[in-house]
């Protein structure tokens, strides 16, 4: 029997303990392959959090994860499990590339809004088909979005190789974007450049991501649309009773979700690589799932979880650079975090339930 | 108390088929069963009654090993028996027909019957044996079903037979039936009772859970009454009366009739002509309904559950699509297109208290204030500006409505799931009635609601009528229909069988119509 | 310390990256020095890896593969004091970059001759990795070599894919090899990084001969690998490491047959397969190429091939 | 395309369809029992690594096979714990385990062999070798069928024939035995099984463990049959294609054979751009790669017959709210 936990325990304690469990198992894995967990942690912390350089990367990754985390979050509130953020982010990258390459942009302030529209449109379009199939034909969105991830990657390979690759270039990538599309990095922003004294990949997209957190929060809890999305996500039957159109909510929620996932491309494609590469999203769509889960599907939580995963990602990269621990440790840790926060959370709750049950009589 | 009578028999007669001692069971914070003891004599039909949520199903599920009791003991034929799972219950000779059938929809009857009672690792021998046994049982007890039919193609009545066959195939001596007649027409119910009497004559023991006092009086030997998780009495049926049972059930004298003045009907508000609804499985659930509700009157729709009442409410409320014509105050409503949704209906002046508040009427995880805006979240007074909702305004409105309807506790931020059923219903009724609609659709207004709330809700309905509003009331409780309605229409199999004046009709006449016997319309 | 970044196949691809790794290890063993190393996992990491190594003070920074070209071009100016060396690239123009290009067509020509001489079916195969001009350069040189000894021979050319995944798909390599065998090929040249291991494996299983690439792969399936086209990436890396901070940059260094940058492998594992006549024929051609008497057409010079169509 | 080429492509099809078929049948058991499993990929990968690693260390492919099965079983067990015992989200558990498998296989292989997450190449008794079926030579003279028998049917490794045999075996188990009846029932309506006195938990765990065993076979085939050694991410999305095939097959064993053969055929075709080019059609290779996924979406959209999953699928069985 499930013991009901106090809300604070559910919101704070459960993710925290899940995280600790994931860390514990990761440490066991490290010990098993003959590495020192404390050494690994030290490298990760130093590489990701101690220097402005580390923060530059941690924030860069976090920016991407905020977008995909929010994408998963808004779909989740509509009762839809969007596993397709990865494919949507890839298509978003295509949108960014097409916009950036279309014109000799004079200044980034002009290119950025246009690229955002491109990213959001392409991401949303890629979410639209699974959404439509779910809304109209009841095709399970989890499976269709998985399929669409693969279709996206095949499509992108085709476009990069056959269409966007400039003559004479060997790697499957688009041409470099014109100089006028270069987004200022934190190093180039007055004020912040005092902290970030060297070139870092984190760029103005970070502020767009923060704004997106606020916007998504406002949509979900302050607008009729958000109200309808949440109601529909809790009970489709009741939503129908209240005159909320399942098709409309499913479509809109997924379109927003896809647009958010697509917007991630502003960060990595426009802000960092400045050209479209194959598999540019690098699994950030999947990490979005973990970020949303950890963040309890709340924009503030997503922000914090994105920072955590940004740390994991950057710290993991540093492990790959400076230790003999393969970078794949990062994937293992991510998997464990998802496992413990998303699938074994009930186990944590049960454990806590026992604690709270034994504690209560003493307190009374 | 008459309950002592049973104890008196203990010394002389054979051991009880079943004896439960001190059974308790909690689901989290809900104490579903509290220290329950009951004895059931061998070869008898023992009734159990109680309001919704009294704990009847829980108790029987414990006996069947589906749930584990927190404490207490079970004696079968006088021997203490532990029933940790259903397998043990089956071994102890207990069979149970659940309130919600436990059948595999896309299996055949035969496959469902042998499931869990196979003869060996191979299916073939089990199937041929079951085919033969089923033939025998069918002859013996009038339990015909096609052994090769898929469950999903069978009517509920037949599905129930499969459940009974399952139990008999496992050679159950003790048969538990949980509200078996809720889904049956009176004729099917009579058939069932013949079967039960036949089984009783064979020496089998039967426990029957039902809400219907008539059935208790008709078929049981003894009856136990439960209230709020406790066993309040066990009496010999012959020595009690429906009134006494009702009083035991709710814990105080029941008001049989609602006080109301005669109706003064005005112009027709709702006119329905030849309304048809086809469900997802392509089954026609409404087969040409025509009816009229006028201002200032309550039209009651009586009928056994599942005869199209839900579909009628849903199509009127904009949840389901249909064909035919519906006019509200003379204006024809959209039945299939863009405006055939709940939002349009509300805009047209139709309020709807749905039959199932937990599934339709409320979002259980939403707070009370969010639920008060539910369906009316587009209302201008709930908006701050073009973009944002005015949550403060909704909370203020909620406080007001909670005060008017005496919702307890009056905390707008409390989640709906944390209110009791009666208070949940009050929130829904408050939300819909306070909108001052021209037409109120109200389904099962008092299902699972305690008696105080029943009276209150009934009064609100009558008050709305007296303001000159039209009300369409659907209820499976004949008493409620009889006491509230100004006119009664009886539904059977998607049709209106006839209309009666509550002043001149009686339960017997309505019961016949509900069974599809002797209606005037086809 | 010097540093090296390996491309997607990873330093144990038994081929291109492994050759680079061997060069680095050789330097470390000889000098007792240490070097930083890094394996790419994805396209998008290239820039971070490069910057991080440059920032850490590594000098020179060597990277294997043309895929780094574009990224290096934008990173190098930010680290004017760091020297970079990049293999398989010759189109950049930065003062602190040394570009190292190999004449793979020449080496491929030699192993093509070997294949032509060893083939009994008059049909030989070529399995390329990612379909890019560089790999066509291998294929084209190979085809010219085959035709030089057997003008009527058939050369089946297949590429594994169009993305970097093509460097690391042994299953596909094996299946393509099997397909080529069924089309009659009895010698198959794999120029496909990690994918080539699958080609060599399948060829060994099917009882035909294969030709390795970049590193000496003869030992992988002794008696089954006819020879290996050596691309002395190991030497390139070794020399870059040895030069250290004094590495001469701002130019393209061409490593060809004459400078021992490419060649073919002969050792105890394939001694039985290479007859003295074969060796003599091939060595003679090699001398002619070195002397400039024989010019092997370079596909990348004009994107055409006289001996094969892609 | 001439007959020999056609046979050659079919031969490749059989080889490439085998891991899909094994994984698809694996998924069938779990999903028929009501436990969704998008973690087929991870289990295969894990099995591929453990089997190749142990085969490399012991020199015996049989010990390797056993290790592969154990590796996949370990993951199946975690999935069972998460989704059956602790009633967690089955989809999330699957996603998570795929992540873990993707990373931990490399960590372990790197720790054991220090070759960048690869195992050394397997040879001799450490891998499955092709089996020549009887009468290959004498039957070769039979027109059409003779070459077909020689090229397509004969000459595969042990696990290919195991996979083929598993199709009728699964059908028989599912539709002719008590276990199959219960398994199907628990995926449709676990309460029916529970009230019939059969443990839902045990049934589902059994199914999930069978899934583990079959994924073990699929992964072991990848690294010791199809290839000779493990390499990082070597399953390359085959677990997801198998899942797609399972939907395409509407959760039925014979149709699973058909679906995986079809998808295997696409993969085989994608390896032969020369053959496609000769047909005059210009189908880009990425389009062929994407075809299984597109077909699955088409099926899911109900355009080619609707795929109705087991009704209780994806939902943990909760008796008490």
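Some notes on this structure:
When the chains are written out, they are named A, B, C and D in that same order, and each has its own residue count from 1.
Note that in this section a contact is a pair of C-beta atoms (placed from the backbone, for glycine too) under 8 Å apart; a residue touches a chain by one contact, two chains touch by 3 or more.
For reference, the UniProt names are A, D = Nucleoside ABC transporter membrane protein; B = Nucleoside ABC transporter ATP-binding protein.
Just so we're clear, the structure is a prediction, and the values are computed from it rather than from any experiment.
When the C-beta contacts at A-D and at C-D are tallied, the pair with the greater total is A-D. Centre-to-centre separation of chain A and chain D, using mean CA positions: 30 Å. Chain centres here are Cα averages; for chain C and chain D they lie 35 Å apart.
Note: centroid distance chain A to chain C, computed from Cα atoms, is 38 Å. Centroid to centroid, with C-alpha atoms defining each point, chain B and chain D lie 47 Å apart. The residues of chain C that reach two or more other chains are 39, 162, listed in rising order. Contact of a single residue of chain A with at least two other chains is seen at positions 1, 157. The set of chain D residues that touch two or more partner chains comprises 117, 232, 286, 320. Chain pairs recorded as touching, per the definition above, are A-B, A-C, A-D, B-D, C-D. Considering their complex, residues 10-13, 39, 156, 158, 161-162, 168-172, 174-176, 178-179, 182-183, 194, 197-198, 201, 205, 220 of chain C touch chain D. Residues 175-182, 184-185, 188-189, 191-199, 311, 319-321 of chain D touch chain B in their complex.
Those residues of chain B lying in contact with chain A across their complex are 26-29, 317-319, 341-346, 352, 354, 359-366, 370, 373-375, 377-378, 383, 387-389, 391. Residues of chain C that touch chain A in their complex: 36, 38-39, 41-45, 47-49, 51-53, 55, 66-67, 69-70, 74, 78, 91, 130, 132-134, 162-164. By the touch rule above, chain A contacts chain B in their complex via residues 1-4, 218, 222-224, 227-228, 230-231, 234-235, 237-238, 240-245.
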